[in-house]
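Presented below are the structures under discussion, each in the form of structure tokens.
In the two complexes that follow, subunit A is the common piece, with subunit B as its partner first and subunit C second.
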Partner chain A sequence: MAGLSPSERRLQKELMSLMKEPPPGVEVDFDLAEQNLLHWIINMEGAAGTLYEGERFQLQFKFSNKYPFDSPEVTFVGNNIPVHPHIYSNGHICLSILTDDWSPALSVQSVCLSIVSMLSSCKEKQRPPDNAFYVKTCNKNPKKTKWWYHDDSV
Partner chain B sequence: MKLTIKNWTGVATWRWVANDDNCGICRMPFDGCCPDCKLPGDDCPLVWGQCSHCFHMHCIVKWLQSQPVNQQCPMCRQPWKFNNK
Partner chain C sequence: MGDESKNSSEEPSQVNQDELILAQQRQIEKEISESIPLVGEMEPISSLNSEYANDEVYLEKIKDLSSKYKHIRRTRPDGNCFFRAYSYAGLERLLDKKDEFNAFYKQAEESKDALVQLGFQQFTVEDFYDIYMEVLKRVGDLTDVDDAKKTLHFLFNEQGYSDYMVVYLRLLTSGQLQKDQDFYSCFIEGDRTVADFCHQEVEPMYKESDHIHIIAACAALNMGVRVVYMDRGNNKSVTEHDFPEGCTPLVHLLYRPGHYDILYP
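The block that comes next holds the complex of A and B.
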């Protein structure tokens, strides 16, 4: 692990443990992450028995060299963005642990689990009510958005 | 039989006594050091919070410095207070 920055050393460990024991329905693109530890793509499957069963999604993680003190930038990418009250059609996710409630004890794995569980508890597939306005006016980086976290039910 | 010891060499091992194997912030073993240090030991000590969670001192200080308000334990989110006992 010589030559790696502190952020990369931690990400290298996370990558190995995610390869060894991936949470159900979660698979990391290992080769891509190996090439650049600061940019990961995760393939995610909608859990059985939920509204997203049978669907496949792609999550992008971007890390700064301040990780894990700084939260990763996490967005859905690709041609299937989950239709969910907290997920905008441009892939931005309204989830407090990605900004205000981030902790350096969290990890790629725990973020993936939170997102799987957020999808799984969804009762009705719909976009956030302000979707059209948000996607027109937001910054490309969801961390620049001042999120209001008001709904813990989904 | 009588023995005379002419010289001897003492060897000791040490380890931190913590309630976990790895630092929850950098994920390095407590018996190693944080990613910014080269040698484990007194130069890269462990510290405990009053909530009983333990980290490399350098790791928790970096986290607290990045949080101007609401300094919380990364593990349990209770307000962070060093345990000075």
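The block that comes next holds the complex of A and C.
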């Protein structure tokens, strides 16, 4: 892996590990990530026995060259954005580990697991209460939003 | 796991207030970062006087401090200062004591497996461990102590090494907290678990350190520290606290509200 920057080396390792031992319902688009290590698409299935069973979603990960010191920019993309109280209709996700609580010890895999768990614990499919306003005014990059984290139960 | 969200700007306007706040915050961080080295040069204690020119309370305490310490080495106030100062000062002292350095090195070598056993992901720990060991090896291999100290100072001012050292020490501290969670849980306020606390307050960069971080870091590295507190309190002298209590501290740090620097007797 000569010639790779530290962030690319780390991403390469993560990509291999995600290919070898993907968490259930999570699949990375390997070819796309191979072409550009700083931009991944991950396919995710709604877990059995949850409100999202049978649905398929796409997550986009964008990394800066300061990864893993900088958190990845993670959004849902494609034509099926999960209807969930912490997911805006433009694909932005309100999850503290993506901003304030990010640590270099986290990984693509741990982010995926948190998102799966966030979907799985949902009891009622609905958009965040301020969805319309947020989607109209927010920056394209969710990391530029000043999020307020309230409730850990859903 | 998820978090209920609320976008903070309540009224629609042309300018997004959130972005302005974040931009300003980034600008402040950048200014601090450019003005202060990650780990500075040794300076006399009297260099503190200029920071408190007309402040009798502090000037009195600096006088007391200078009766106990000769020098201070400042660190960048970026929320990582305890971890950076503590590991720098510890390694610097160990370079004078070859046997203790070797024991420390051996203990460090075994630390990665212990973290993985506690449930940390192999590849995330590995990156930081590798750099941590590389720094220990590079300074440990130099026979001339002055050369070794110069190399240590150089590496701790290279962000690519320095921040990796900080992360690894944060992980070791988190590991220690989780290993002894029965003991540490009584120090944590609110209904957070020790693991939650570690994920939110210990592992992320730039989160400031409290007593609980210090106690756990000292236990993880098996290296005592004396923290000398200097604040606006009424007494005329500075107060000292050893972690763990009753130890012979290897490292001496100066604490002023929100920040740690290194002290030299």
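The working rule: the second predicted complex is superposed on the first by the 154 of 154 C-alpha atoms of A that agree within 3 Å, B and C clash if a C-alpha of one lies under 4 Å from a C-alpha of the other, contacts with A are read in each partner's own complex, and residues count from 1 in each chain.
FYI, contacts are C-beta pairs under 8 Å (C-beta built on N, C-alpha and C of every residue); 3 or more make two chains touch, one makes a residue touch a chain.
Keep in mind that this is a model prediction, so the values were computed, not measured.
In the superposition on chain A, A:13 makes contact with both subunit B and subunit C.
Partner contacting the larger number of subunit A residues, of subunit B and subunit C: C. In the superposed model, A:86 makes contact with subunit C only, not with subunit B. Of the two partner chains placed by the overlay, subunit B and subunit C both lie in contact with A:104.
Of the two partner chains placed around the shared chain by superposition, subunit B and subunit C are both touched by A:69. In the superposition on chain A, A:133 makes contact with subunit C only, while subunit B stays out of contact range. Taken together, the two complexes place residues 6, 9-10, 13-14, 68-69, 103-105 of subunit A in contact with subunit B and also with subunit C.
The touching residues of subunit C, counted against subunit A in their complex, run 1-9, 12, 16, 18-19, 21-22, 120-121, 123-128, 160, 163, 167, 170-171, 174, 199-200, 203-205. Residues 6, 9-10, 13-14, 17, 68-69, 84-86, 94-97, 100-107, 109-110, 114, 117-118, 121-122, 128-130, 133-134, 136-139, 144-152, 154 of subunit A are the ones touching subunit C in the complex.
Contact residues on subunit A toward subunit B in their complex (touch as defined above): 5-6, 9-10, 13-14, 66, 68-70, 103-105. Looking at the complex, you find that subunit B touches subunit A at residues 24-28, 34-36, 59, 62-63, 66, 72, 74-75, 77.
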